[in-house]
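Order of writing sets the chain letters: A, B, C and D. Residues in each chain are counted from 1.
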Amino acid sequence: MTDATQTRHVPDRLNSRAARIFKSWEALLLAVAIAIFVINSFASPYFLSAWNLSDATFNFTEKAMIAFAMALLIISGEIDLSVASIIALASTAMGLALQYGAGTPELVIIGLTVGVLCGAFNGFFVTVLGLPSIVVTIGTMSLFRGISFIILGDDAFRGYPSSFSWFGQGYIYWVFTVEMLLFVIIAIIYGVLLHKTNFGRAVYAIGNNPTGALFSGIRVQRVKFILFLLTGLMSGIAAVCLTSRLGSTRPSIATGMELEVVTMVVLGGVNILGGSGTIPGVVIAAFVMGLVTFGLGLLNVPGIVMSIFIGLLLIGVIALPRLWAMAAARRKS
Amino acid sequence: MSTRPAPPISPDVSPMVSMDMITKTFPGVKALDEVKLDLYPGQVTALVGENGAGKSTTVKILTGIYQPNGGTIRIDGDPISFATPNDAAKAGITAIHQETVLFDELSVAENIYIGHAPRTRFGLIDTVQMHRSAAKLLADIGAPFSSHTQLRDLGIANKHLVAIARALSVDARVVIMDEPTAALSHKEIEELYELVEALKSQGKAILFISHKFDEIFRIADRYAVFRDGAFVGDGRIDDISEGELVTMMVGRSVDQIFPQSDHEIGEEVLKVVGYEHPTEFADINFTLNRGEILGFYGLVGAGRSEFMQALFGITRPSKGVCRVNGDIKVIRSPADAVSNGIVYVPEDRGKQGAIIGLPIFQNITLPSLGKTSRSGFLKLAEEFKLAREYSQRLDLRAAALDQDVGNLSGGNQQKVVIAKWLATQPQVIILDEPTKGIDIGSKAAVHEFMSELAAQGLSVIMVSSEIPEIIGMSDRVIVMRDGRIAAELAKDDLSPETLVRHAAGITTDGAAA
Amino acid sequence: MTRYIPVRETILGGAILVLLLLISSRFSGFVAPSNLANVFNDTAPLIILALGQMVVILTRCIDLSVAANLALTGMAVAMINVAMPGLPIPVIIAIAVLLGAIMGAINGVLVWKLAIPPIVVTLGTMTIFRGIIFLISDGKWVNSHEMSPAFTDFPRMLLLGLPVLSWAAIITIILFGIMMARTQFGRSIFAVGGNPHAAVYTGIDVGKTQFWAFVVSGALAGLTGYLWVSRFAVAYVDIAGGFELEVVAACVIGGISIAGGVGSVGGAVLGAIFLGVVKNALPVVNISPFWQLAISGSAILIAVAFNARAGRTKGRIILKEAEAAQ
Amino acid sequence: EDDVRIALVVKALGIGFFEAAAEGAKEAAEELGNVEIIYTGPTDTTAEGQIEVINALIAQQVDAIAISANDTDALVPALQRAMQRGITVISWDSGVAPEGRQLHLNPSSNPLIGNMIIKLAADHLPDGGDVALLSATTTSTNQNIWMEEMNKVMGNYPGIEVVATVYGDDLADKSYREATGLMQSYPDLDAIIAPTSVGIVAAAQAVVDAGKVGEVNVTGLGLPSEMAGAIESGASKSFAIWNPIDLGYSATMLAYELSQNGVEATAGAEVPMGRMGSLTLDENSEGAMADPFVYDASNIDQFKSIF
């Protein structure tokens, strides 16, 4: 059409790869994580011990498993506040199955299935009925846990087989726990899924502009439904781990975990409004949160004071770079 | 052209507003580079330039939405700066922006008066007074709806009338119109012209931005030309010809003749039988052949877009079948349509077209990921290759392919959307108002490109409300009215009169049907 | 002409009536006027908070820190009361409103000046405010006998047969009705939430409007903080724990669109009353306590599904318009 | 450091009862001389939160953990790990399953408490009447045990009928609403028994607000400092509680004995606990500290400033 001399050459990239990485959120967060690690090891003589650090990973592994799926969901512009309640329901279902003599493999299958079903339930309301996910999952948050209460009442399920305790209490090698292994595997799977596949690209596209994504031939509702299923599945896996770790089920299990999961995702640099975020960011955020709670725990700081730190961290990590940029802009002008 | 009074002001009168050495940069883009612009009282200044030349950016600077990085703005010779849109409003500058910037949840009157509503003694909004004034404004511009209507119940064209009423609701000295006629029908455009004349006679300075040369030459007194963010020249409209203006704007001469298509029309590719939607359209039957450009004409709101979106799988028809290459295909989603080789370039670029937030190359490869990836895993190098190829074919203007598509001008965003679909190598491409808001240079390029596509054997459906474009480009035209097909016209039967007659439902004796 | 009848509010009002009918079939005393007045009184804090939350949600934000704000203000005024029992109640209320507004302003500034997403800001301040209660109270309770009688009696004082607590809700409803319909601020809130982009063009400062929305929400949370603590005559770290979700649920049931711009004072009030009726009815209709959570969860889902049906846009209806034109 | 570190882990910080227990623990520490008390607990009353606290304590290699558990079973694995690492673990107030601790200190014997709460109500109802229970959460172990014990002895109180059991979740507003609901559903209600310190306060307030002082008597387990107002207003005629200071004191003493003096927690063993005498363990390694003490208008002023 236009002659070649008129055609402009548009370069592929504006910034070099190194510059992009250096300026990234992950770099900042990693610096924070390292700082916390160093501070912790000075603040408490007990911090730098393999076994203690291993114990500390329990503070975040289960939450992080859900956080990876939640990250994708939030990037796509949705959210699931019912994850902790899914854990309760999945755990209750496992306990119920136990009463009917289920063995470890059956328990795991039931836990995961209930997780997926709960995810499907949320997904149905959001993608088929077109309701906002924050609202739907505030409802299912009560509903799922409510069903646990109906089934269990003031009772508890206990007496899980000893082989079942492997998931939440087992060690693979030396101080490395089964949960850590699961955490690493799931992190890699989600990292690849989000950053290296067509599905991940669709997630970003949907998060940035759902209408545009639909008009580009992406099956928006299907992708979102799958994301709800995945979040349910991860909650099911977390339910297996947590139930195995606690060795019993009560309907109040995992109360309040949803907000910690969301906090972890947001701290990891995922835009709560959708469209951007990375899995490495969430991984580092998981460590940051684990390190902060464990470090403060070693100093016997009360839990509620600890949560002040998490709150400040959440706001501070986002606010500081912006304040910095504002100050820099002011200095320039 | 109507009889236009000669500009009453002598050339040595001083400008009411003058912008000088104005620079505005965005990350990676210099949108304006030391431009100047003068607006004179009682005169219409037309600002022309290609897409992305910086016209809307200038408007936003004049209305306090953006702050320039350098340069001065003077009003009556006194330097002034606008920190907020309110400052500009206080200085007497009002604008009809390119995008309709209104509120669906508010009533028409509230849309007009939000921010400067009349108050009662207690400081509360005086709704009675507000509706009274709004009704008067609406009557002045001939708007056919009440001030109590909820804005969301209005169509695009009527919304635009509200935007115009809003601009007139403040007692401004400077009125800016950024492509005000893009969404209006013929009759409404005439009313707008009258309005402009009235404003002129009140001594207001008017900045008029348009890509339509006939209207520029009809209503403007002066012109100013920008190219790639730089000032090229200005002067009195009487001193310049259309061709000269185009050359100034594009930097070369542009053939404004529609490309004479030498494409061959082949066998039937698409056949639509009895398409029907419960509320939007009914009884749509037509065929489309290989290498054909099929025009869809109609008045704005005739339901062409609704039908095209059903054909593309966005909505589902309640009845009807669609055959592609003779086989019945069920299209339930855009993904189905794409896999059957039908693609759609939507009218609403910002919302339905480009995915703002994703880089250019990812926008281009989004529907072609199947081709650039291996078993579901991305291959970046392949993606860049594809994106490079198609951005070059469309002469995309951008800083880099990994730049956010949101930073491109409207016209360049449109190119990204077209590139995205061409990369899928479709059989049928539906272009919904493909040149709406596109500058004359790019417009010619799009037209040329369209016939090139047809020559390559692609079938094109072109929805357009511009009669010259419809007549110049189409091999065959379908006219829609009120959700139904009003006529199907062969190329030889096309004339502006026939098209308008069928579109408006006027019988040969001139009475409405 | 259907648009002149507020569809959502009518459906919700109907749902509340049906609910009351159902309850009265199991326990007729529930619909006695005196009991309904009690239910309203019990729901008053939720109504007040829901109105504040409505303003915030309308501007496309969300305030998850209301309950923590309420608890912190409540604890602060309770401690002030213990330290200075002679301080008159109007002063206490002024302090509560001011404290709440300051906390709201903190949220607002972070949203406005640093452009941090509201859900992140208020998630953070929610935990921070709770933590501060622990720090200032040292984890201790303030008990009823420590509070001055004037402090605890105020919300129960009867005016024209209704307690002051109920009046606080009624006055808030009236003020909000006027504010949302007839003031520049009220209309800006709809504009900002409905189309923030357009708001900028019309000279409405989006961030500033959101800031003031947070201040309003915070001030109401502060007011409720005093009312809550004096009504239950106790202040401790955990009061109103998790109440923020109930407040959001009330708004959502009331048809306030979480995407901003759509909603009404009537909707928020009815949404709160709906939840209030459910909560008050469950203990009296002899439903096992273990069923309560599931029932309120289902109520939210059903209400929301209904709302969505009622509010769905019906397309352009070209064919109908064409027929009508002929 | 040569101090003996004993961690007093509570259900959640900021509950008056546990603050008082911490006082007792400090008293014991002073008496013992070389003991450092770590008073800690999670943000809210969850088992997961307590596990995080326990992990931190294990890491610090404390000498003993004395815990009031949020969940009988869920803490067992974590506490077992603590014991494996040589840490003495006892539970007090709200117990842990036997596998997860060496001994459990009941504040009082469960049958005694069960009897006490119904007796407090019955004493003021010579002609019988309707009573209702307002518990904490449905999962609170100790509440459930006490109510069970109470049901066992109901036969001794003819004419007294329990018409309902409701749960206030240890939230003031929910307990208040539940109590209000009870008075509506059962207009002839004579007493509300709340064996929880949050619930009893809220119920008393609800009775005052409903204008039913004198009609409905609120009783159960509460703290004098929190209940002083209710006694004064007459909403509650009497209530009981064991002394939380003594409880914290005893728990600390027991933990010390087990960890430092090599005392074995076996069935029938008598473990000394300072000024509180000694604890006799049953076959579950459980023992009771003392009888609950009844507070009413005659003695409330004396105690309300203590705990």
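The criterion applied here is as follows: a contact is a pair of C-beta atoms (placed from the backbone, for glycine too) under 8 Å apart; a residue touches a chain by one contact, two chains touch by 3 or more.
Predicted model, so just to flag it, every value in this text is computed and none were measured.
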*Between chain pairs C-D and A-C, which one is joined by a greater number of C-beta pairs in contact?*
A-C
_What's the distance between the Cα centroids of chain A and chain D, rounded to whole Å?_
37
*asked:* Centroid from C-alpha atoms only, then distance chain A to chain C, rounded to Å. What do you get?
replied: 30
*In angstrom, rounded to a whole number, how far apart do the mean CA points of chain B and chain D lie?*
73
*Taking each residue of chain D in turn, which ones touch at least two of the other chains?*
12-14, 44, 138
*asked:* Using the touch definition from the top, which residues of chain C touch two or more other chains?
replied: 134, 139, 237, 290
*Return all touching chain pairs.*
A-B, A-C, A-D, B-C, C-D
*Which positions of chain C touch chain B when the two form their complex?*
3, 178, 182-184, 187-188, 190-191, 193-195, 197-205, 261-262, 313-322, 325
*Which positions of chain C touch chain D when the two form their complex?*
27, 29-30, 35, 38, 42, 134, 137, 139-141, 143-145, 156, 228, 231-234, 236-241, 279-280, 282-284, 286, 289-290
*In their shared complex, at which residues does chain B touch chain C?*
63-65, 84-86, 89, 97, 99-106, 110, 114-115, 117, 123-125, 127, 150, 152-153, 155, 166, 279-282, 301-303, 306, 481-483
*Spell out the residues on chain C that touch chain A in their complex, using ranges where they run on.*
110, 114-117, 119-121, 123-128, 130-132, 134-135, 139, 237, 245, 248-249, 252, 257-259, 288, 290-298, 300-301, 304-305, 308
*Spell out the part of chain A that touches chain C in their complex, as residue ranges.*
125, 129-132, 134-136, 138-147, 149-150, 152-154, 259, 262-263, 266, 271-273, 302, 304-305, 307-308, 310-312, 314-315, 318-319, 322-323
